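Structure below; questions to follow.
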């Protein structure tokens, strides 16, 4: 999947990026519908509007590479290659879910696909991803560790301590900040006076890069450089992707008390999937038919995942104590 | 004690600065002797070589202002006006100590002098001082809160979260980093790739200033500006004072396994007290006689403190449960 | 409804206490995430920002360590502070400030520095929140000298104990239960507060004393009703505060019934259930007809699956079964 | 000295276990402050850096939260990790990673992700270290499902249990005592390890069972010697690991003596002493001639003054006095 830096993605890759974004989007819209109709327990935070980040970053990853995610992690899991069935079944709390129903939305683990977990704790993934990179460095495994985190995590001590350690040890990790301007209802500009995340790289002496997180090709290119640097022993990068969630913080939050209709609408205009398709077709790099095929496939893929999850069995009550202890 | 910014300190102030530095030095040298001869329980971290920082900063403080200190805090306590008797008696664990013998070197409290505590936990003073400044802002008390901390605290989450909050809320606090280049045996340059503390202010958008921490007049001037800014509603400042401890990390550490003799000697050449006196006398701003008077007074002051401490009673065993609960 | 009483939710009872105390003393400040304009993730500060403004309701970003330390520093400097961790789980980010600074400073300063702070957080399991958001480790704080620990089970206790907590001159852990916030209860119409260290007999009985706190009091009451049908008379007692603990009231009840069971949402190992167990034997060994019985959550992280979590946390059915079994044995 | 045995200090026993295990598996890494060239604040890694180098002994700045999280992440990714908090007190900076990530991940991932990590820290009071550096809250971790808890009292146990801890596929809290590091003991000359969950009878006796861990085992042994002069025969038992706990061995001893006392450096409230108390009654209620006795530190922060701290922490004299009193009552 790796390509030389700078080269423009070929048509196959353009279609992969589209497919990835579309799957993430359609998956979340379905989850929203299922959650609202009371089919899913727990709480869900949807990735709608931010698909270009996961797609652009994960396009470069090999199966052995490791991704550490957040509370808003369904998209990261799917983009890293976890089957839709495994993710959807976990949201249902079914035994066939990627965490056997023990985890749920914020505790999805699929190491078999290099997916090291969504996380209920903001900032927790930062030291974990850094540590996974340390392990990769020790084992000379050639793995790269990716840490997705939100703007909300930037003000936490976990960010500060982790990025410093990753830099001091020159670890193969990429810190990908999904700056969607809000942490729940808290505007990043209220939480700190420095609203540039990339600029903070100067405090630790690692490269800091800012890109338009709604432009999948921009993310793809910047991520390619950062991942290549990590893989080639060049150490970590802080990559800030400016984006926006066009839904509420979690299902149940209308997401409009603290954001203006205008902002929301203007960001909807910048929908990463619509814009990408529009640009590709108008420049004739990809045909509308090719995109439409993907739309159809994606629908089938999603229906299959939901059917699988719905028809899967619940865990057996008596197994509750299994896996508290390793071996 | 306040002076207009920019004005050169008058002779009285120059003598005050000298007296303060000398008391801190002689006090610690005595503590070293007492500790080595087994007179003091616990552990002590001496301030020898860094006196210009506490002296230059505290010269601007009013009694109502608040100082939050560290594990290396005897000097901060004395500079803020806590009587030598109270500090020395605490080191003896006597009932007359500033913490009644319950605290010791790393738990000295004298709020009656605006001294809000030494601290056994690295970084802990950062949020505490920030909170005290919040209280001052709420009460419109005109107090300024001073936070002394070492280079070792800079890599901790406490630094990151506290400086950000202090800046967001525009609080009357001054963050004074005593960068003595080492945290125990850990060189700051090994603990992080960015060895400038002041430069980190850019991450939070507060003023960052670096000064020669061995030049009491440089500290005095920079601190004056920062404290005036805080007092006048201008918000916090990050003030980095580059200095060096010319003793071990704690009594018992020779302090030479991880630092070269050459470095140590070159820093001894830059002894803040010697250099200041030399400069003042050679430029005839202060007479040698005036300095000598202070040397004599200081000796008496110290002997009195030690006598007082030595002759004070131990706490009564049966009082052990007193003060666990307020009121 | 009794007269002189009115109905209110558990969460609104807390809001009332906060409003009264913040109006009473303008040197009281509230710090946390989403507690300003948003009115709290659980609506636990609804309306307070509109009334007291930005200055006294301090929204922060995600920095529990800094925010909690700031709250403690403000209290040391002379303000009264409530710091809200929102989910008790998030206090794990700030333990060093809670244990090293809040709990120690009054003692280590020989009583010279007071730390009048309420550290608030919602504990326990609710709607399959999962293993990161369902902790019930309130006993840790009881194990820490210098901290008072409040674990209210109903609206009336939330209001009365919150007022006492805010007026206390030392650090108080105020630990509500996420699943109780919307539960309704009756509270007095007049102003009141409830002193710490006074247990409440929730239901009188003669065969066995059932000790529980927080949400488990609900489970205990339902179990008591069910057990009555089996001819077993249960006395349900809620200590309401773990520190200080009303040993006398619990002992008196046990002496009366001769038996005690402890119901806990936390696992048994080294927790609250063992403490009440010890209390029972230390105070009433010769009055006990049988060893105390512990009915606790199974020692596992909280699973997401409702089927699994229902197996883990004590249910009314399980309490009924275990108490019947112990009495028939 | 017995043959096949040799004398070594408690701290060096740990170094030996680490050297053997790090040599055995090059995918084992050690993370902490001052554990590299310096060889550890307590000399607990002396010589390891010279042998295994910068790559496998990772010195960090002061960032327990980050360092502990990094250690957990490395373990999740397939390395074996020892992370050293040095003073157990400093783990308070990193609780969120220990409780939310290390303890939960294996369970929440349905057993797919192992976290083979040893989280090391020295607990307890030593030379008037003061209230910030003297904690003994090891029972908190026992209260957290998913964590094993080791509290060794002698050199032989340190070595044997450290080897088992490093080989364990899950998170293990390895909690030594600061004041024991320089104490000497005998260990086997041949390679060995000690399984978790096996208590050790340190001294046989017939009148009362005295349960203690870590440094309190020393106090217990001295008290037992003193009590013998008063005609009281004490059986001293050291569980060595709190999780898993050897309930059977403790119960067997109590059935034999008919009495039990628990000696703890931690305060009684909601701690280890209550758990052993409950165990005694749950397993041996009818064999008990008297309620279990708890001899614990007084519930205060550790005072600096030796006079005060000596009053707070159980001494040999106090143990002798309280056990005699309980037997004469």
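A few remarks follow.
Note that the chains are named A, B, C and D in the order they appear, and that numbering of residues resets to 1 at the start of each chain.
To be clear about the criterion, a residue touches a chain if its C-beta (ideal position, glycine included) is under 8 Å from a C-beta of that chain, and two chains touch if they have at least 3 such contacts.
Note that the structure is predicted; figures quoted are calculated from it, not measured.
The pair with more inter-chain C-beta contacts, choosing from A-D and A-C, is A-D. Centroid distances from chain A, each centroid being the mean of CA atoms, peak for B. Legend: contact pairs of A-D compared by residue number with A-C, B-D or B-C; the interface matching in over half of them is B-C. Chain geometry summary: the mean Cα position of chain B and that of chain C are 41 Å apart. Separating the CA-averaged centres of chain B and chain D is a span of 37 Å. Counting partner chains per residue, chain A shows two or more touched chains at residues 99, 101-103, 107, 120-121, 155-158, 160-161, 164, 168, 190-192, 324.
Multi-chain contact residues of chain D (touching two or more other chains) are listed as 60-61, 63, 65-66, 89-90, 93, 96, 100, 104, 107-108, 130-132, 145-146, 299-301, 303-304. Interface residues of chain A facing chain C in the complex, by the touch rule stated above, are 41-43, 90, 93-94, 99, 101-107, 119-123, 152-153, 155-157, 183-186, 190-192, 257-258, 314-321, 324. On the side of chain D, the complex with chain A involves touching residues 27, 29, 55-56, 58, 60-61, 63, 65-79, 81, 96-97, 100-101, 104-116, 145-146, 168-170.
Contacts from chain B toward chain C in the complex involve residues 66, 68, 98-103, 107, 109-112, 116-117, 120-121, 124, 126-136, 138-139, 143, 145, 157-158, 160-162, 164-165, 168-169, 322-327. Listed in rising order, the residues of chain D touching chain C in the complex are 89-90, 92-93, 95-96, 99-100, 103-104, 107-108, 130-132, 135, 137, 139-140, 142-146, 242-243, 245, 266-275, 277-278, 281-282, 285, 290-292, 294, 299-301, 303-304. Those residues of chain B that touch chain A in the shared complex are 155-161, 164, 167-168, 190-194, 199-200, 202-206.
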